[in-house]
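One structure below.
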Amino acid sequence: MIRVAIIGASGYTGAESIRIILRHSEAELTYLTALPEECGAVAEVFGQFKGRCELQIEPLDFDKLTGLADVALCCLPHKVSMGFVPKLLDAGLKVVDFSADYRIKDIKIYEKFYDVEHTDTANLERAVYGLPECFRKQIKDADLIANPGCYPTGALLAIAPLLKEGLIETDSIIVNSVTGSSGAGKNPSSIFHFPNMNENIFAYGFCVLRHMPEMVQLAGQIAGANVDILFQPHVGPFDRGILSTVYCQPRGKINEKQLAELYDGFYKTEPFVQVCDSAPGVKDVAGTNHCHIFVRSAKGKILVFSAIDNLVKGASGQAIQNMNIIFGLEETIGLL
Amino acid sequence: MIRVAIIGASGYTGAESIRIILRHSEAELTYLTALPEECGAVAEVFGQFKGRCELQIEPLDFDKLTGLADVALCCLPHKVSMGFVPKLLDAGLKVVDFSADYRIKDIKIYEKFYDVEHTDTANLERAVYGLPECFRKQIKDADLIANPGCYPTGALLAIAPLLKEGLIETDSIIVNSVTGSSGAGKNPSSIFHFPNMNENIFAYGFCVLRHMPEMVQLAGQIAGANVDILFQPHVGPFDRGILSTVYCQPRGKINEKQLAELYDGFYKTEPFVQVCDSAPGVKDVAGTNHCHIFVRSAKGKILVFSAIDNLVKGASGQAIQNMNIIFGLEETIGLL
Amino acid sequence: MIRVAIIGASGYTGAESIRIILRHSEAELTYLTALPEECGAVAEVFGQFKGRCELQIEPLDFDKLTGLADVALCCLPHKVSMGFVPKLLDAGLKVVDFSADYRIKDIKIYEKFYDVEHTDTANLERAVYGLPECFRKQIKDADLIANPGCYPTGALLAIAPLLKEGLIETDSIIVNSVTGSSGAGKNPSSIFHFPNMNENIFAYGFCVLRHMPEMVQLAGQIAGANVDILFQPHVGPFDRGILSTVYCQPRGKINEKQLAELYDGFYKTEPFVQVCDSAPGVKDVAGTNHCHIFVRSAKGKILVFSAIDNLVKGASGQAIQNMNIIFGLEETIGLL
Amino acid sequence: MIRVAIIGASGYTGAESIRIILRHSEAELTYLTALPEECGAVAEVFGQFKGRCELQIEPLDFDKLTGLADVALCCLPHKVSMGFVPKLLDAGLKVVDFSADYRIKDIKIYEKFYDVEHTDTANLERAVYGLPECFRKQIKDADLIANPGCYPTGALLAIAPLLKEGLIETDSIIVNSVTGSSGAGKNPSSIFHFPNMNENIFAYGFCVLRHMPEMVQLAGQIAGANVDILFQPHVGPFDRGILSTVYCQPRGKINEKQLAELYDGFYKTEPFVQVCDSAPGVKDVAGTNHCHIFVRSAKGKILVFSAIDNLVKGASGQAIQNMNIIFGLEETIGLL
């Protein structure tokens, strides 16, 4: 049994990680930590675990952690995470980090978008971006995974086949996404106050579009070329899911049959990506680690639609998929 | 034109009052006030009024108010209201007060449930409870109206005919209500955080069941006898509306035809109460000042269902209905 | 591995059963059937199973079934089920039947409420009501389980401790329930058209209150006495869950501490029933087989709140809990 | 008083027209018609009108209509409408037609997208497109208005200033829209079954993108040049509203300040279009005739966001705005 610690277990991605590990036949929760004011019995912190989990969430004690876990799912916020990850690695754990701190390789871009000095550049260099459909080989041998952001996961899976084959103009990509409200995290705010968010939908993120540089960097890596992406997020009145609608300009002529074949071929051995023959809805992937993709062409452009659950394939599910790969387990264990 | 001031215009009942007065052909908004930190252009405080209202919400200045308004809709919270109402009356205004401060005639009960000394007992005595379907005559001559609570409005309209005619055991009444989330007010909280409230429904209010004594007092007044009521509120994942399901024990035999005739007769001249022949839904009354009622009998008990919009018939609409009565206007103006 | 056939796999309870069995470590799906016009690949019939299940839903062929399965989850509608169950039993399968056909022991009551002649009275007699918390011992040896209705499950779990101990007036019980819309089944109708159901809540079921006799019979069986129940269902704008608010009259004096101890004691070894110290919400049990219960007293009455997922503890989850018991498995396998 | 007939009063746009006219101080409903099977008291057909409207919906009788109304709001479906409009005009009524039948001037394009022969080309020619913000002068003298589609209204208002001034590449426009479910109309369907639509969002309309040619034609007319638009609609889990996110390529350099000035200037005298300084949400315009617009630039592209209520500014409200113009009334009567 792989012993799993969750650092930052009191937030939504912590809860989702707990939910998945509870069903995982080869892994078990051994240590859950959070800030002192957010500690307590799991079943009290999250009512959904009443009768399902008897563990406590405790303040992090590195000495205790060292003997207790083989891997840490580090669910801390951006900027906080890089203060903890080096110590988790020093304690001999593999780490899957949910924050953006190890995703962006160009320190200047990180520091510009996150407005903070990067304090762990040594580990930043060797961190592997945990999108198994594109970087499975590198993930296998890594001990530090930068688990992808929810928006980049949906967007990159939508366009990876086109980027890999060099079929689109790399400066033409527009990603229009709508996320559910669980992306907001658990702290109440005016925007996500039920009477404001219910029956509403709107764009946001004009100033701090932090997922954009991550998308751009990874898309470039997949394409082996410079890529630019215009990304516009929206939030809608539902709990889970991100629907991304991607518009791009093909380089030459490509018809829908060729597009379908390209996507079918690219993803045919992937357990968690399904190429569909109609537009995906977020409800079909809610609560699952799956990504549903549909591709079509219209008016000389290519449109790709992808749907994921932001908390699963966009966070905790993908983290556990990465964990499974690192430990040589069947990749889908606990995730079907 | 009746000149209307709204005291406490920055909350949901303030906004709803603004919305209604903007369409009222015999009344106009002349003065809107709130706490200094909540002031600003109406169209900025509430995006729904962009292009519809050019007024400012300002800190309350009694000197300014005196010459500017004929009536105040006082949308202040419980306990705060009784500090302002005497001054509004002294300034020569009629007052429709939205708080509980002038509803409960028994000071001891008020002080027990609201845990504060009542500081305006003089006005408390002469305040009239503003449920026009039961107290229209008294409302006509009043200059201080205690506008009913949302839950009591729905519950009392449901059982008034039975109480008035003495047809039910007065200690047998159970009121089971479900409110929409706008009842929470505009301040964000964990309970009403969208990811918590969406797809959820639960009971609440075990400790501070403040609407209960109001129901009990008014039901007693309508019945001309002591009445006891067990009231249990719930909150559901929708914006507007209160559905009340009332269970009570008939004194003698009464069949559904007699019940229907009783209700039809009682409400036949009421513009805002409709007796229906099937179960009402809150959606049909959302945004309106109407109350839909359906009555049936089952297993020896009488069941009454009532649906209102908590912000309209349960607050601002009823306040303006009362205002119309006081000023001798057609009661339905601005409300159809 | 227990081989599971699902008869009537194309509806919501069929889908939910598939979802659970896919994660069940000791059971596997071997045969899925439906009406010819509803057959096809599981992943086409329910988009949520894309990439998760390669099975086909086929028209039922008893010859094929005989060698293929050990147990049938029979998800057919009321009245239809009793035409199939005898043949499933003859084919040597254990049967967990989701319909009402084997729940109501009094044929006259069944025939009155379902308006049809009962055609399988022989099996009706030996069918065991599958509420493990009350009838686990009988379930162990049964080969035909009448899986409880969703409303009766929530209501009976709420009051079983009081009934068992004879602590309440047995003619005083009122069950006020609100279900999510998945209870409607998959066929579109005007009531459940999104623009009608969204932002709405209303009572229904005045004529065909079919769950009432089931509740009454089983409550009586648990109490060892005649019981009468007034049951009023409502439907609200959410997918999953039933919240039941039960009002009843204690026989003697009982305080909240005694009530809490009674419930704690009654359910302390039950894996799927959690006695809570605050009001349960349906969201905490959505997608789980758990029932959250809270009990309090007010105004001389006892109030019990219970929350279940109507598709899991109220249908498919409970069916698989029963299956686990019959086959001597750990009762919680596949359900945590 | 202008006497208003509603032809096709039993659908959602009919109901919304009734709702608005009931509050209109210079117009009154005199005749409501529908297919025989959809007739009945307004208050029975739409529960929201109980106590608010005593009219009947009747089968259409042209003789009766002639003396009864000055204007017809023709809420019939595409293809059906052109069979009635000539007779309404012959009966001496002004007509505001909600269908697409008089919007597309190029008969070949109409016949291709609607797959039917156009049977009223004479009136097609003189019909005026009822988008007052762009064609107010022509509307004034028209007796047949082609009321714009909901998607084109939101999209055209978003880009009219840019088109008019020739500031964007006219083949670069992408319109990504999300509509609420009321756009589906009142007939139940699998897609809009609450358990399918709730908590979901998805793209649709790949085959019958009928709003596209309307957008293209009108955008071209506003620009005075050929325009091409890629339009992709989606549907989300809310009742009312269309949020359109428009991406386009500026011809030269233009900064956000210049964009803001352009929009402020273009719409400054328009009562129903508000240029905002942050992203609009559909909830702020729900139930109103207003369009909220926000414009920004990013990565060399211009992004415009517009929010309308699909049933009001996108249908019935705009129709009544057009009616007000034709009859020389204050344009905003009944709509504030």
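The chains carry the letters A, B, C and D, assigned in the order they are written, with residues numbered from 1 in each.
Here, a residue touches a chain if its C-beta (ideal position, glycine included) is under 8 Å from a C-beta of that chain, and two chains touch if they have at least 3 such contacts.
What you see is a predicted model; the values in this text were computed from it and never measured.
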| item | value |
| --- | --- |
| Higher-contact pair (C-beta pairs counted), A-D versus C-D | A-D |
| Chain whose mean Cα position lies farthest from chain C | D |
| Approximate Å spacing (C-alpha centroids) for the pair chain A, chain C | 36 |
| Inter-chain centre distance, chain A versus chain D - centres from mean C-alpha coordinates, in Å | 40 |
| Rounded Å distance between chain C and chain D, as computed from the means of their C-alpha atoms | 47 |
| Shared interface positions of chain B, touching two or more other chains | 198-199, 237-239, 280-281, 283 |
| Footprint of chain B on chain A - complex, ascending | 12, 181-182, 184, 186-190, 192-195, 197-199, 237-239 |
| Residue numbers on chain C that touch chain A, as the complex places them | 22-23, 25, 47-48, 50-52, 199, 271-274, 276, 280-281, 283-285, 287-288, 290, 292, 336 |
| For the chain C and chain B complex, residues of the former touching the latter | 174, 176, 178, 180, 196, 198-204, 206, 228, 230, 232, 234, 236-241, 243, 245, 247, 279-283, 286, 294, 296, 298-299, 301, 303, 305, 307 |
